[in-house]
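So that you can tell them apart, the chains are marked A, B, C, D, E and F in the order they are listed, and the count of residues begins at 1 in each.
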């Protein structure tokens, strides 16, 4: 979207284009991956899918909600750069209202950072309330955490010994494989630290207890990640997410 | 910054690197330039200057404050996508506090959108207050509107018939030349609309009076823009902004 | 706590008592259970565990964050009564700061409503920041979603055909069994509606798509719930949560 | 309300039931009464009156605005646990909007804590504004400070030597008598401290001047309180408040 | 203060001057008095008392909290111009923090509008918290509702048939007499409407029930007001408020 | 407006009167001028112009946004007393909504403090959005920075050696001349400090770098200011601003 002029953009919106809004984070992803993984992946996946639908990809939100120990290692890492709830909710709400003003009625929030999800929910709810006050009643939003689209079969291929749960998949096999596929030049498998996976108790401690967090920030082993696995996952997403969007927005 | 791993980033911060934070907008820039000009330019200029200083460029804020008629054509354009004051202030404040937590003490806000400036001021003031409460007293911020660095001589070269003032320079000779230099593939000089420059009264009317705004969104003539002029401006910035930053941060 | 006079309360706090703060919701729980389940359960569990530790149970927050379709049926039900993010975050933050002022240093947030969790995180983070500004550095909070303490063995007992995931466990076997144990007079098993379990796609649609939501609001079958199962779960919690709290707060 | 299932609640709302929302506080009430007085009393009175009208009592707000020296002893007591203005206003506003969504049109705010009143006013005003934007124009709210309903005759019975004003009636004859009536098990008349009544100057000092505040927190003598007096007051309320609500809501 | 240059102001502050901050409202005061009464009176009283103490009078806040039926006739009058809670709290808090930055340590809030009081309390509390974070611990505030200083004897002189309570004294004998004393040119006794005093029930109805409000906005009879009575009240205030301020701030 | 009774005000509003709202600041203006210049001038100019149009002047906002070094000397001066962005935006928004409620449809914001401008823009935008939700679509606002109305000829008269730009005109020739015209008793030309004009770099430094700021707070030489010059400027404003307002509001 950002590379189009406004008349081009307007024409696309008038034609009913789906707008993809990647929402990410700037967050540690171990020694082998860059801080921007949670932006790069939803951006790459958005572009991949937008192509199938003649959709538009809006500039992403590069900063997300505070990283949590059990899903992203915690917000104490140097490099992890996060927003408060109010700022994230407010920014996303504002942007949604602007797309509604443009005439867009089909929007996909492509979330790349687990911790963002509930704040996206609030932003969506507040924006839809405001839209109703302004007489807009047909704006539809899909909120997609892309990793939820991974099929059982692919999950078994990735985790032949059993899936440890998304909680520990931070900077691990799944994300690393996708990065090796989409941005291999930004991954350094040789820098992977050999650590034990994180072993968290079933509750949270504040201020953050650093004990159970592997110092590298990688919550479970990433060494089996490959670009081929990334390609397989990307292909799954390409097919399944496209299909869902078409169905929800009534696109032939 | 976003392409570094956290240990790399930490090392650079510990070594005293200057962090550049581009703050832009998604805003109409006429028929000949894309919506992202106000992000692309501060990002390009930040990267250019960061190279001289071994600095880091943080992910930019891609959405800015609401476009105003007399400086950006107004916020009614389809494509212009803006934040409210609270969201912009909040997001920038949060990010500044995070850089302080990382140990960064030298930060440059590279502003690419005129309307952002006073909200950046508030974000800076609130963040510095909070830092003081947290015991951080040596965080220093330069807030740079890069166009203010243009030397008189270059201004005369750009505007041989007299400078009409920055107000009308939206999407016009200055920005177009810089874009032709940094991102020629995104500029389409053949799409330039031949319109009279905007002629605003010395006050603002709300709701926006569309009368004085050239429909294309270009506030004064851009046809004399060239990549060569853009290169000259960029060279000026490269020299002058670098010099100022070195001086302010005591870099040899 | 609410039944003590302030001198009694002060004495207990000075003696180092753990304070339990139940955070719930007023949310539909099908035809067979009352709107207050998400308050009654964390309150009952807090009281049960506080007894082991000579702890105090503070008045609970009776309203929680907006119910989501995939975890609570959605916020469109008549009876579901929810707070916005700002109000929930603000209220919880205020209360935490008050306990810090009292001299309390050991606090357990006993969460009874899945959707509250991330807003509790923000409240905790903001409160801890403010405490640090006020010179309080030793306030420690455990944030407990009690259902996460259920042991694998009990899970197998509850779900002999395989656990469908917490997502669908709203007003179903787990919660109903606990209510049959703690508040049998408020459960009406004869009113259980015989419906198919919910079958959600792996993403969210806003405004809420009512299609996949069983009209009764029960997301999966609850008919196998019994007070005996509830007792077993309660016993597990009594043992395991008590143990964790003792360990974290260094209580012999 | 909290003990009903959502279909039961819906049926009552559709039938036009009045909803009572008790708003209280967690605040010191001397050595002889518990911290929860300001919740227990409006809750008990709401239930008493709801019975006459087939009304519903919603879960109360257990935390209220910061206690003030001249009406509640001040917010420095250990045990007094208060909300900021923003949180109290926000929470109450949210809840009012939810009741409007349910279809409720007759709501009574039963206030049990003097300091809450003006923040309730703001919450009501903001909620009614939002309701109008959402097309709800017939939502009616009675904001009741129940002590204002006490008849002159009863006042003379309670204070044969002249009424010292509500200001000093914190934890004193009036509240203690009501508690002895509704919750005798929570009152310990033997713990009453023999102190002089508070003698405040006609202005407020901040930070709070502890000088004029009786250390026990009881602002005037409570020793003449009896359950019989409480019964008399309760009977007055039962009659008078019921009558007012019937009249205002047009209930036969 | 506003008529001093900054070096003059600084000198006075360094010498320990008391700062008076009048907080008023723009609110209907019947047919016979202007909208500015609640600003004019605290301003006049502040100036009168400041003279005794060599104090400074800061620019007043001219807009106050929403007028309530039982104390100011209600916020539906054309001319009554009010702030929301958040704006009033925020503005006052900001100003208090600025005075603390200047070095002022003795401040009097002279409140001229009943409805402002609790929002002033919140502003004071938030400001004092922030001051403590900034290391300021000796800032002292007197919050004065001047009408509370009226002595019993003067009250009897004003109301020979018994005092109806401050509630109904809006735009009536008390305020009119003071205005006749301080600003006789702004009072038009000949325009006084002959109405029955307001007769409110002991609770509030929202949206406002106009029934019990005298249409002129005067809540009880003002016809007995005279400049002589105003002078007497002013003299009382001059003596009593001055004395209290001297005592609280230790001024000889 | 503040000196009218509400029925007088209502009559004027019903007759279509233009309302002028002066928005100022309490800010240092050198040794020779008082802290209130930014309120006194817009107030005086509003009154002057309102006379031509039978308009109303509302109570001004006496506190404005934080003074910036390059336009007002900076916010570190003792005496400069400023609001945060949120308070200024909120207060102005509230007041605009009240005027809309009154029936006013023609409003002029007369801004007297450069730093306020963008926050006024946000307040206007938020207020207009809310008005639309409330069904008000014809409220029109002129936002006037009066100094922008100065004609080229008068500028040459004031600055025979060339205009240094508005940036440095703080407390200098322009403002001092106007004050000598409108409020000569508040100007002390004999206290003018003989300093070099400020020489700022083309960017901002935070925390404020005091180096380039003349200690007196006067950013450029004011010694050539005279009442005669002030009269000339005032006459220009009287003619030109009146003409613009008439044209915009269709007043004959």
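One rule holds for everything that comes next: a residue touches a chain if its C-beta (ideal position, glycine included) is under 8 Å from a C-beta of that chain, and two chains touch if they have at least 3 such contacts.
Heads up on the chains, UniProt names are A, B, C, D, E, F = Creatininase.
Quantities reported herein were computed from a predicted structural model and do not represent experimental measurements.
> Find out how few touching-chain steps suffice to connect chain B with chain E.
The distance in steps between these two chains is 1.
> Looking at the contacts, which chains touch chain B and chain F alike?
A, E
> Only C-alpha atoms count here: how many degrees separate chain C from chain F in terms of the superposing rotation, rounded to the nearest 5?
The two chains, chain C and chain F, differ by a rotation of 180 degrees.
> For chain D, which other chain has the most distant CA centre?
B
> So the centre of each chain is just the mean of its C-alpha atoms; given that, what is the distance between chain A and chain C in Å?
Centre separation, chain A to chain C: 28 Å.
> From the C-alpha centre of chain B to that of chain D, how far is it in Å?
54
> Between chain D and chain F, what is the separation of their C-alpha centroids in Å?
Averaging C-alpha atoms per chain gives centres 47 Å apart.
> Chain C: which residues touch two or more other chains?
84, 86, 133
> Report the topology of the inter-chain touch graph, choosing from line, ring, star, complete and other.
Topology of the interface graph: other, matching no listed pattern.
> Determine which chains touch and list them pairwise.
All touching pairs, sorted by chain label, are A-B, A-C, A-D, A-F, B-C, B-E, B-F, C-D, C-E, D-E, D-F, E-F.
> Quick check: in the complex, which residue numbers of chain F touch chain E?
The contact residues of chain F facing chain E are 1-7, 9-10, 13, 26, 28-36, 39-40, 58-63, 77-84, 86-88, 90-91, 93-95, 98-99, 101-103, 186, 188, 191, 217.
> Provide the residue numbers of chain A that touch chain C in the complex, in ascending order.
Residues 65-66, 68, 75, 84-86, 89, 115, 117-119, 121-122, 124-126, 128, 140-145, 148-149, 201-207, 244, 248.
> Which positions of chain F touch chain D when the two form their complex?
Those residues of chain F that touch chain D are 133-134.
> Show me the residue ranges of chain E that touch chain C in the complex, using the header's touch definition.
Contact set of chain E toward chain C: 129, 132-133.
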